[in-house]
Structure formats: structure tokens, C-alpha cells
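Two complexes come next, and they have one chain in common, chain A, joined by chain B in the first and chain C in the second.
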Partner chain A sequence: MADQTNAAAPETAAPDMAGLTKRQLKRMKRFDNPWNNPKLIWGITLLMGIIALGIFGRIFWDTDLVFTGAVMPSQAPPGFENLRGQAGLASSPLGTDVAGRDLLALLIVGAPNSLYVGMLASLIGMSLGIFLGFTAGYTGGRIDDVIRVGSDVMITIPPLLILVVVQASFGDITLTMMAILIAAFVWQSPTRLIRAQVLSMRESGYVQMARLSGASNRHIMFREMLPNLVPYLFGSFIANVTTSIVTAVGLEVLGLGPQRVPTLGRVIYDAIDSAALTRDMWWWWGFPTVLLMVMFIGLLLINLGLDEVSNPRLRRL
Partner chain B sequence: MSVLDIKNIHIDFPTSKGVVHAVTDVTLSVEKGRRIGFIGESGSGKTTTALAAMRMLANPGFVASGEVHLNSLEGDTNVLHLDEEGMRRVRLRKISYIPQGAMNSLNPVMRIESQIWDAVVAHEGAMEQSALLERSNTALDGVGLDPKVVGRLYPHELSGGMKQRVCIAIGTCLTPDLIIADEPTSALDVITQRHVMQTLREMQEKIGAGLILIGHDMGLMAQSVDDIAVLKKGVLVEFGPVRRIIEGAEHPYTRELISSVPLVGGESFLHAQAAPPKGEKLDVPLLELDGVGKQYGAVTALHPMSFALDGEEPKIISIVGQSGSGKSTMGSLMLGFNDPTTGSVNFKGDDINKMNAAERLEFRKQVQAVFQDPYACFNPFYRVNHALKFPFENFGMQGDVDAAMHEACEAVGLDPSLVLGRYPHQLSGGQRQRLIVARALMLSPKLLIADEPVSMVDASLRATILANIHDLKDKHGISIIYITHDLATAYHVSDYVMVLYHGHVVEAGPPKDVIGDPQHAYTRLLIDSIPWPDLDRDWGDAGDARAALDALAQIGGTPETVYRGDIPGFTLRQG
Partner chain C sequence: MARYLANRVFTLFLTVFIAATLIWIIPRLSPVNPVDAMLGRMASGGGTIENSGALLDQLTERFGFNDPLIVQYWLYIKNTLTFDFGLSTASFPTPVAQMIATALPWTLGLMLLALILTFIIGNLLGALMVWEHTPRPWKVVIPAAMVFTSMPPILSGLLLMYVFSSTLGWFPLTGAYGIRVEPGWSLDFIGSVAHHGILPAMSIVLVTFGFWALGMRGLMITVQGEDYTVLAKAKGLRKRYILYKYMIRNAILPQITAFALKIGMLVAGQVLVERIFAYPGMGKLLYDAILTQDYPVIQGVSFVIILMTALAVFFVDLLYPLIDPRIRLGA
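Moving on to the complex of A and B:
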């Protein structure tokens, strides 16, 4: 008969740290804490950079320069010339647009606004998705049918088409209103994802154990199931932020969305509207585009990093 | 002449916790026409060693040093020196592989015969349709499947045993030098297992190939192979002819593996106990099934049956049957996870499906369960304490929860300081299953439903865990319903046995009668199909296995129940 020591023994031979290169050992150390993931850290750094731009910009730069006629119009950044041969001024480090607005001030106000719309829309969409997904997966039956068919139908509707119509009829709207409108189109995929996960988890051993322990439905959903969904939820949230920002910028570039609040999309719309491309005012559309790229690359890296955190098989030595 | 020589092979897996030496310095040869069994527990490196010969190691494993010689290769015989294309030619043609889960190994969108043609064309080039058909017919004929019927079917239309035989047909259709069979029957029940194993042996003898059979069941090894290689933690601890290993094992680990297989009529692995403490005396039965039946759509999982279990004298009632016999359905009906289609399940006189929330909590407290899969039973998000602590607090039990946890762990032979406060993935399957038993003990229910509690635990630990469960009855007065497919353990553990077949009770009574001297044709067949780790007890050949399956098909319909005597405090009837 097997004794106690045998039961406590590891199933395989013990790992051996000898014979590894220094670099491998260094990489291995990283696996001790999965959150110490370079992709994740870089992604968060990039996003923090955008937020820092918004915070420190407001402290060290004058945000009143976003208003028309605040500075000399159509100025290139210092060291460059505009089409009229005027050299850029140090007082407008990123140049100005045709209406005399300072581009740096526009970015300081606009970039966090774009991020805010994306985050808020995704947050609302995720909350809806978690609620509906859990309800559908756990209760099943008729309620499940309604939610499933509803989200399937919503997936097939192109969001931009609806949003263009809605926003065109609304006219000027606030950033929050815009986020809520976009949220109406980002709850479907989290709903489906969570429903599928809940369906498989409902039959799992630990949920059976919890039922056996007399756990209430609420306990099973929120204490047993939800914690295991956290990596999925994070990943889905970040992916939704990306979608929401793309949708928001898309609408703004079409001239829809908030009219009086500077956002990155709005700056690009103005640039296109004033023929910045043909007038060679590259700084006008270039800088907001770079900021959007930084934002998307940051979000992508966070998503990849979270994937590696939740799925150890993706980690390579 | 040897087919394959493995020389001083070391296999390493670089992981995030350091390099794991999965296989250390293994040397052995496979002779032509000889069967070698690789036996060991999960993680012992038995599959890894065999797969190294096919260069199919799971990522990120690699052969750190050593040589693998396939002697039928021309020139350099070391397969580790072959390029990818050369290796592709070797696989299946020289070394074939019969996987564990046949259900996942066949292409679900291709007909069976096309899958055999695929293998032939990949190694012998394109050929006439008629020639291909002839090849697939020969291959299917060899494993006892009708090529005209089975060849045109898709995998989902076949049973598990048939799929595994198709895998054997594919594995032997190119007459390889070596067949590697990785636990080919672990997903099958005993009757089908015997047929598949005999088919594999027959085919292997016909083509004269070497065979490496990977497994953990000493009984199956004894009945199927010529030589046994025992692996433990990547080291070859013992290698020799099957008779010497079984009758005179030198290494203590081998002896432990052999003694861990319980035998019907053999020595019991349980310690004799003083009279168990009595449960409370009730006017109504502790658990009563009244005409309970269950149908899933048109399928009847359980035909109406009734029994009454009296809680005064704790007893272990075994429910034995193959997969699909309705035994697990019975378990979930008794736990109230499923509503019966007909009849009612009564606990202390109350219908468990008509209870309100408070009564239901009380019922849950008194009826606990141990499930089959110890890996799934713990929420990976929490430390293992959660699974023990939560029910204790939820049921409003009195006392110090930490002290109770420590006491329960010690009672099942676990060191609390080693297991408590850990995450489930840090514990072995055996430790986890004992923790679940400890959980049941801590809650001290009146009734425990144990649904295949040891079928996913390594063989050497099965006896220990069953002894733990048996102690629940003997020391703590808990009545137990033990659901299993393993007749030998049911023989030792239980006070009463029911044999289930297609939702019917075919034979019931005390285990010494039902299992020791079976009367019903089905029970006899089950017992004859068990592979015993006893070389003098013949398992029969492929013909016997086939005849047995035919006999099984004749039982069908609504078989009569054979009652083999009663025990006090338990009554059973059909209907």
C-alpha cells in the first residue's frame, strides 16, 4: 500500500536548473511572475504616455490655444517652412492649423478625449455583455434563445451605417452620448464569448462541487465562475476599446460626433476639410495619426501580453 | 534480430521552472515479433520514450543525448539523424502509432476507407482505385470489420471499439517493423478492451512486427506482452520477461505496482475494522428510490427501479456497469442534479425534487459526493482550502474550520502542511482526490455518493483512496453508494452489488455471490473480460473475445434480474 510520502511526491522528475545559458535563466525568471511580461509593460507604457500627455499638457501648456485665432494660422513646426516660406515659430512647437489653433493644445485635449470615448463605450458594452452572457448561459431555455438571437442579429448590422444616420439626425452631441451610442454595438461579442464559457463551466467539476456545497446561483456565478473569466474579460475589454476608438474616429473623420470638443478624429476631419494634404501641411494630419497609432499599438501589445499571461503555452523560453 | 535499439537516451523538457529530465538514460531493444510493455504512472516518461523513436515529442521536449537505431534503415540507422522527409517515410511505414483516443484521431469528414487510402498513397505513391480498394479491404478484414460496410462509414458512425480497431487497421496496413500502441484501450470498457487487445495481438503476430504497448494496468500487461519495462520518474527501474517481473519483481516500485491491482477473491487491501458506529434509527429509509426511471428523449438511460436503503447500519452499495449502463445517471438522480422522468427520490421520506431552499440546504449537508475527475473538482482560481472551507461555512457548521480541515486531512493520510494553502495545479491527482474525500469527511454527511472515485487516479494510489472511503463507513458511520466499472474493487469494498446493463439491474446481491460466482450471462462476461495480472489465467484469444461480443448482443432487450440474496436494511426491486 502506498504511504503518505508517496502521495505527496511530485508526479514527474524535479526540474534541473543546471546547464542553461544566462539568457535563458534571465528569461525564465520572468515566468515566476506572469504579469512581468514585456509586451504588457510596453503596451501599458504607451497608453500611460497618452494619459500623461493629457495631464502634464494641461499643467505646462495653455489649453486655451485650441480656440480659433489664438495663434498665427498655418505655421509649420519650428525648423520647417510652410508653403508661403514662413519659418515655424517656437511658440507653436507642433505647428498650427488654418484657423489659428495650436496643434499641441489640440492634441493635449483631443487624445485623452478619444481614449475616454473608447474606454467608456467598452466599459458599458462589457457590463452589458457580462450581464447578458451570464444570464443566457446560466438560465438557458427561452431567455437564452432571446439573448442569443438578439446578439446574433445585432452582429450582422453594420454599426457605422446606423451611427451615421443617428448622429446626423442628432447634430451636435457630447462625448458621453457618443460613447453610449457606440456601446450599443460592442456588447454582442462579449455576450457570445461569456455565454459559451459559462455553458462549459456550468458542467465543470468545481461548479458541481459548489452546488453540492449548497451554493446559491449568485455565489456560483460571481464567486466560482467570474474569477476564472477574468483573463477573457480583460482581453475582450481591450479588443473592444480598440473597436470603439476606431468607430469613434471613423465617425469624427466623417464630420460627425461632437462638434465643439476637440478629438483626434475631429482634427483629422478639419485637416482633410481644409485640404491640408494638398497644401503640404503634414503636421496637421500627421501628429494626430501618430498618436492614434501609438494608442492602437499600445492596446494591441496589452492584448498580446494578457494572452500570454492567461495562456502559459504561448510563453517561450 | 532487434528492430529498434534505444541507447542511453535522455529527454529534456525546458520549462518555466527549469529543465525537466523526463527520461534519464534509458537503454532497451525491441526484438522482431516481440511485445514489450512500458508501464508506469502518469509522468513516468513511458510515452515520451516511445515517441522519441518516432521523433514526435511534444513541444518543447527534445532528445538531449543518446541514440535510437531503427535497424531496417539503410546506411545510418539512427533515426535522430534523419531529415524531415526521411522521417516522414519512416512514420507509419516502419514505425506506426496507435493513439489513445481513437475518437479524436480519425478525420471526422472522411470515410474510413479513404483514410486508409491516404496512408497507402502517402508512402507508396498514387495507384489504381481498384488496388487501393483491395488494400483497404485487406486491412479492415484483418481487424474483423466488414470492409463493405465499415469502409463506407464515417468515424462518428462507429463505436469506440470499432474506431480503435480502424486505428489498428491503419497502423498495420503498411506492415511496419514496429507498432507503438499508447494506452489503446484506456477509454474502452473491459469487454471491448479484450476484443481490441486481442485484435492488436493477432495483427502484430501476422505481420511479425515488434510491439511497444504503453499502459498503466499491470493486469492488461500480463495478458498482452512478453517483456515488461517499468519506468518511474524517467528512469527504467526494471526490465525483463513478463513472468519474472510478475512473479519475482526485484524493484520495490514494481512490487507496489503489482500489489496495487485488486483481485476478485484475492487478498483484501482493506484493514479489518471493529463494528462500525451506528447511524440514527429512522422510521423511514434514509434513501428511497420509488419507481425511478430516466429518459433522455427517446433513449432510456434507466428503466424504472426501486430500492430502499436503511441508514441505521452503514453500508456500501456498489453499482457496477459499463459506460452507458445508466450508473452515472443513477448517481446524479440521487444527488438531485437531474429530475427523474418517472417515480421519486426520497431522502428521509421527503421527495428531494420538491424541497424548498432551507430543506435543500439540509439535504445537501447530509448527502455529499466524490466525483470521478479530481482535476476538475477544484476551482483553479482559489487555493484548495476554498473547496473545504466554503461548504463548512455555508452549512453553518460549528467549530474551528482550520482545525477541522487539518483533522480531516490527517484522517485521509495527507500532511496538512503540504497540501493546504496550495493551488490545485500544484497537487497530484491522487492528493486532490484524497482532499475531496477529506472534504466529505469534514462535512460528516449521512450518505456519500462516490461516482468512479478512483478511475482517474494512478493505480498505486487507488487502494489507498478506496481504503479512505471505506473508513468513512467503518469509522464515521457514513453509508456509501459506490458507482464503478471495476468489479474487483466492488468485490472488496461493498456489502451489496448491483450490476447494471442498459439501464436494467441484471444481477444483484452480496458481492461474494454476484462477483465471486456470477449467474447472469452479462456478469459472467464482465468477469471473464477482466485482464488478471496472473499468467496462468488465460484471457482467451480473439475468437473468444468475438464470441463474447456476440453473446452480449443476444442479451439485449429487457433482461431478467437475477436476485442473489438480500442483506438486512436494503431492499431492491425492478419497476
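Moving on to the complex of A and C:
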């Protein structure tokens, strides 16, 4: 929020360098490197926190506690009481669910899983998008028509519903399988974005120059054009990670998705299914929800930061 | 214009066709035989079944699994286009179409309510983000509330349920109307439906309003610099009059175009919201069908929701040129 309060200041201050406050000068210097962006850094920090939870959690906490009956069931976190009036035990700092699984262990194993599905699905979707977008934009003609109509059609179909049909018919599924299935629905928007950019870049001076000097199509696409798209690609990638995680969590909350691996969505599914809300077991659904929120807020901040990196007009003193 | 229309109609049909085909192909790639699954469920429910072999053959024949695939596909497309999805296997003799017909009005009602609310709230807040006379606290609160836009509606739903149902007890936890209320056009019933609908609708509004607000913000910044706004200010018109009649009115039109992009996400989000609130719409139907492995219902619900999404996108696409003449020229 520091940006908000300072936004009005430069207009009142004198436009020359001498009139700027120390803080503004510091911010001014930071513009030498656009990647040094507070939103971006905060977003990455939040995501790193989740990854750190996964890594250090495995070292310092027993992940075998994710199995049913590993600990006392229905325990509140220490300092709170469950509905039967039992005080929480220090041995399970985030409480336990009705089947006797330790919440902390579930989060340690589950949170990186959700992030993994999102990243992998988005990475595959992105690669497809780069390939199809460049092909459509650069070659044009029939191929362009097919790719354009294809992405128009696929963008309308909500991935969740097709995936529900897939999962319902195939039963159990691995995390990687789920990521690949989700990837089939996240290539459309990068394809559209890259196609539009390539169309406008195709006629620009440096591409014409490269073509005249006899560069191959592949050289022009990946050496001349692609580097210019990097900020867009990053933004699109992060947006797709969000979409993929939302879809994955959606499937898990419907009781689909991997059955044997703990995921955050699965924990929420179990909580809703066992009426955790009416039993007042807030820790059961609350902690996974908070963790997912941290994940989504981190991704949102990274995306806002990347917008500012690629569009200098959005940056403020 | 004719070309644009033909293009949109073609895309609509292709979308529906591809969705229908995917829904047909996927279960057939699965190693699970639906007839086996159905008999297995019957057996687990009622002990042993006499003549199960004969019953198996009969059901296989009845569902047409002995026909060549191309015939099965043709029949499927024909039936799907006439909204004949066959019979539910979990609640056996009930036609799927009938189950969908009872669930659909709930979903449509909730969706419409959420959409109208989110459109009004989102655009108003977006306009307030730009307006120079907005009270200072709002200028801080609105950008902070944008954090919610990055979340799926199930999370906001869970939070709202916890705060307003479990803790405060202002709203009922689940369902669409009270158990003691008789469904009908009575005041009690309508009141009960509204009371039950507020939380599910709000959980969708909470995560979608930011999308409209951000769009509106961009548009308002453009309108703010236009000559007519400056002139209206110079004339000394009242501030609010300028905001509503000059700024928002001009900025709001392109917002409708943004709608098509979001609708798929919205529908999928609502399916999940209905599931956690046990709202008797399509989402609940789908969830129950997943639990009982009721394939015809899963396919029917998925198809109808995809059809709804495609139709909505189609109509929004048709509205563009009517609303914004620049698109008519461009197309």
C-alpha cells in the first residue's frame, strides 16, 4: 500500500531531481532494474514460503502422520478445544481430522503437490501455446484458421466439466496425469496472445531485416521474436498456473483427483464431507484454505509485478 | 455483418459438437464397463442378484453397447441434440433430462443473481477507484479487496459459511429453502429462497467483482480525460451527475464484451459453490452423480453446462456489434 500513498506526491513535488525526497530517489534508482519490483519480490517470497514448507516440513516433521489413524482423531490445535471439550495436544500443532490424520503433515505433503500440478500443467500448456501461436501467426493461411478456430472453441469449454467426465470414467489418477489433463485446457490463451503479438511483430523492421539477411524461419521465430515476448510469456504462465490450480482444487473438492496422495483440495473435500463446519472444526478446512489463499495471492502479486516489468507506464515513483 | 454472424454460428456449433464428442469418447476409453458397474452397485445394495448373467446381456443390449461404434455415436448425437440423455443408473427409471430440468432453474436463478450483483458492485467500485471525489478510506479498501479476485469461489464460500452461518448464524448453512417451507409461489417460500441464496451468490460475487472493477478502472481513466468530461466539469454540473451520466455511462459499454471471456470460469466456479452449499442445482446433481458413478447424469449435466456456456458466449458475441459500432466497422 506504500505505492498508493506515495502516488500523488510526485505531482506536487518539483519535477526536477533535486525536489525529490530521499525515498523517491531510492525508488528512482530501482528503475535501473525493472525486475527489482516489490510486488514481484513479495509474490515470489510467498510462493517460496510454500515450497520451503514442503522441504523443511519433510525434514522436521514426520510425514507418515498423513495416514489414517496415525494420531488422535478430531483434536483442536493447542490452546483451543474441540466440541467434546478436549484441549488440543502439543503433538499436533495444527490439529487433526476425524480420521486421525495430522493436519500439519497433510499440509506439508499437500501444498507442494498443488503447486506442482499447477506449474506442470501451465508449463505444458505454455509450450503448446508457444508452438501453436508462432505457427499460426507466422505461417498464416489455412493453418492459422484451424488453430484460431480451435482455440476459440476450446476456450469456451470449461475444463472442469470435461475433467469430471475423464476422472469419473477412469477412477484413480496420478498427480502428473492430472497435470497433463489440465494442460489440455490451458494452451488457448497463450496461443491467442502469442499469435496476436507475432502478427504485429512480423512486419516490424528488425524481423524484415532478419528475413532479408536470409535468416531461417526458426531463427527469426525463436531468436528474433521470442525474446521480445518473455515478459508476456511469464505473465501468461503465472495466470495459467492460477487457472490450473483452481481447476485441480475444483476437481479435488468434488472428490475426484488423486485418491492416494494428499492434496489441499482433498483435505477440504474431506472436511466438507464430514461436516467440519457444523462440528466447528475450523482448523480442518481453515488451514488448507489459508495456504491456498497465500498461494493465490502470491501468484497475483507476481502477475501484477510482471505487468509493471513489461509495461513501464504502470510503474510509480 | 453476415460473415461475422456465420463465423459465430459456426464456432457455436463446432464447440457444442466437440464437447459432445469428447463426453462420448472419454468414457469409452475407460476400462470400466458401465453395465458391470451398475450391476455391481445393485449387488452391493441388495445382496445377490438372480440371473445376473442374463441381466447383464439384457442391459448391454438395452444400452446399445452391442451396436457398432459408429451407430452408437450417431444415436448419441441424435439423442443429445434432442436433450435425451437416457435414464439415470443411480435412481434408475428417472430420465436424466427430467433430473436436469428440476435442477436447472436453481442454477440459472443463482447465476443470474450473482451476475447482476457482481456487475453492479464491480463496476461501481471500479468507477470509484478512479473518481477524484471518492472518500479516502474507499481508495485504500477497494484495491486491498482485489486480493479476493485471485481465489476460487469455493474458498470464499467456505469463509462466508464459517463467518455468517457457523459463527454468526445469520444465514442457513446449506440448501436452497427451509425444510418447513412448502415450495410454491408464497411469500414465505420466496423469502426463504432469497435467504438461502445470499451466501452462495455472495461467494461468487466476492471473487468476481474485481474482474469488473479492474476493467472499469481502465475505461474510467480513458473517459476521465475526454473533452466532454472536462466540459461538464467546466459547466459546473454536480459531481455525482457527472460521475453517473457522463463517466460511468460512457465507460460501461465495453464491459459487456469482457463478459464472454469470464463465463466459462464462472460456470465451473458455480458448480463447486453449489456443491459446498448443497444447493439443489446442476453442481449438486453433478456431485451426487459422481458419488454414485451415474454416467448418464454426469454426461448430461456436463453437456448442458457446456451448451449454456457456449450459448452465453455466442449471444455476448452477437451483442458486441450492436453495442459498439466500432466493432461493426472492424469486422
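Convention: the second predicted complex is superposed on the first by the 301 of 317 C-alpha atoms of A that agree within 3 Å, B and C clash if a C-alpha of one lies under 4 Å from a C-alpha of the other, contacts with A are read in each partner's own complex, and residues count from 1 in each chain.
Keep in mind that, in the parts below, a residue touches a chain if its C-beta (ideal position, glycine included) is under 8 Å from a C-beta of that chain, and two chains touch if they have at least 3 such contacts.
No experiment lies behind these values; they were computed from the predicted model shown.
A.B. asks: Figure out whether A:285 sits in contact with chain B (first) or chain C (second), or with both, or with neither.
C.D. replies: After superposing on A, A:285 lies in contact with chain C but is clear of chain B.
A.B. asks: Examine A:215 and indicate which partner it touches, taking first as chain B and second as chain C; both and neither are also allowed.
C.D. replies: Touch partner of A:215: chain B, not chain C.
A.B. asks: Between chain B (first) and chain C (second), which, if any, makes contact with A:246: first, second, both or neither?
C.D. replies: The answer is second: A:246 touches chain C but not chain B.
A.B. asks: Is A:228 in contact with chain B, with chain C, with both, or with neither (first, second, both, neither)?
C.D. replies: first
A.B. asks: Taking the superposition on A as described, I'd like to know which of chain B and chain C A:165 touches: first, second, both or neither.
C.D. replies: A:165 contacts chain C only, not chain B.
A.B. asks: Quick check on the superposed pair: does A:205 touch chain B, chain C, both, or neither? Answer first, second, both or neither.
C.D. replies: So A:205 only meets chain B here.
A.B. asks: In the superposed view, which residues of chain A touch chain B and also chain C?
C.D. replies: 1, 4.
A.B. asks: Which of the residues in chain A come into contact with chain C in the complex?
C.D. replies: On the chain A side, the touching residues are 1, 4, 149, 152-162, 164-166, 168-171, 242-243, 246-247, 249-250, 253-256, 268, 272, 277-278, 280, 282, 285-286, 289, 292-293, 296-297, 299-300.
A.B. asks: Please output the residues of chain A touching chain B within their complex, sorted ascending.
C.D. replies: That would be residues 1-4, 6-20, 24, 28, 31-32, 204-206, 208-215, 224, 227-228, 312, 315, 317 of chain A.
A.B. asks: Which stretch or stretches of chain B touch chain A in the complex?
C.D. replies: Of all residues in chain B, those touching chain A are 14-22, 24, 41-45, 60, 233-234, 256, 259-260, 269, 335, 337, 360-361, 364-365, 368-369, 371, 373, 375-382, 387, 390-391, 394-395, 413-415, 418-419, 428-431, 434, 436, 460-461, 463-464, 467.
A.B. asks: Using the touch rule from the top, collect the residues of chain C that touch chain A in their complex.
C.D. replies: So the residues of chain C touching chain A come out as 10-11, 14-15, 18-19, 22-23, 26-27, 29-32, 139-140, 143-144, 146-147, 149-152, 154-155, 158-159, 161-162, 165-166, 173, 264-265, 267-269, 271-272, 275-276, 286-287, 289-291, 293, 295, 298-299, 301-302, 305-306, 309-310, 313.
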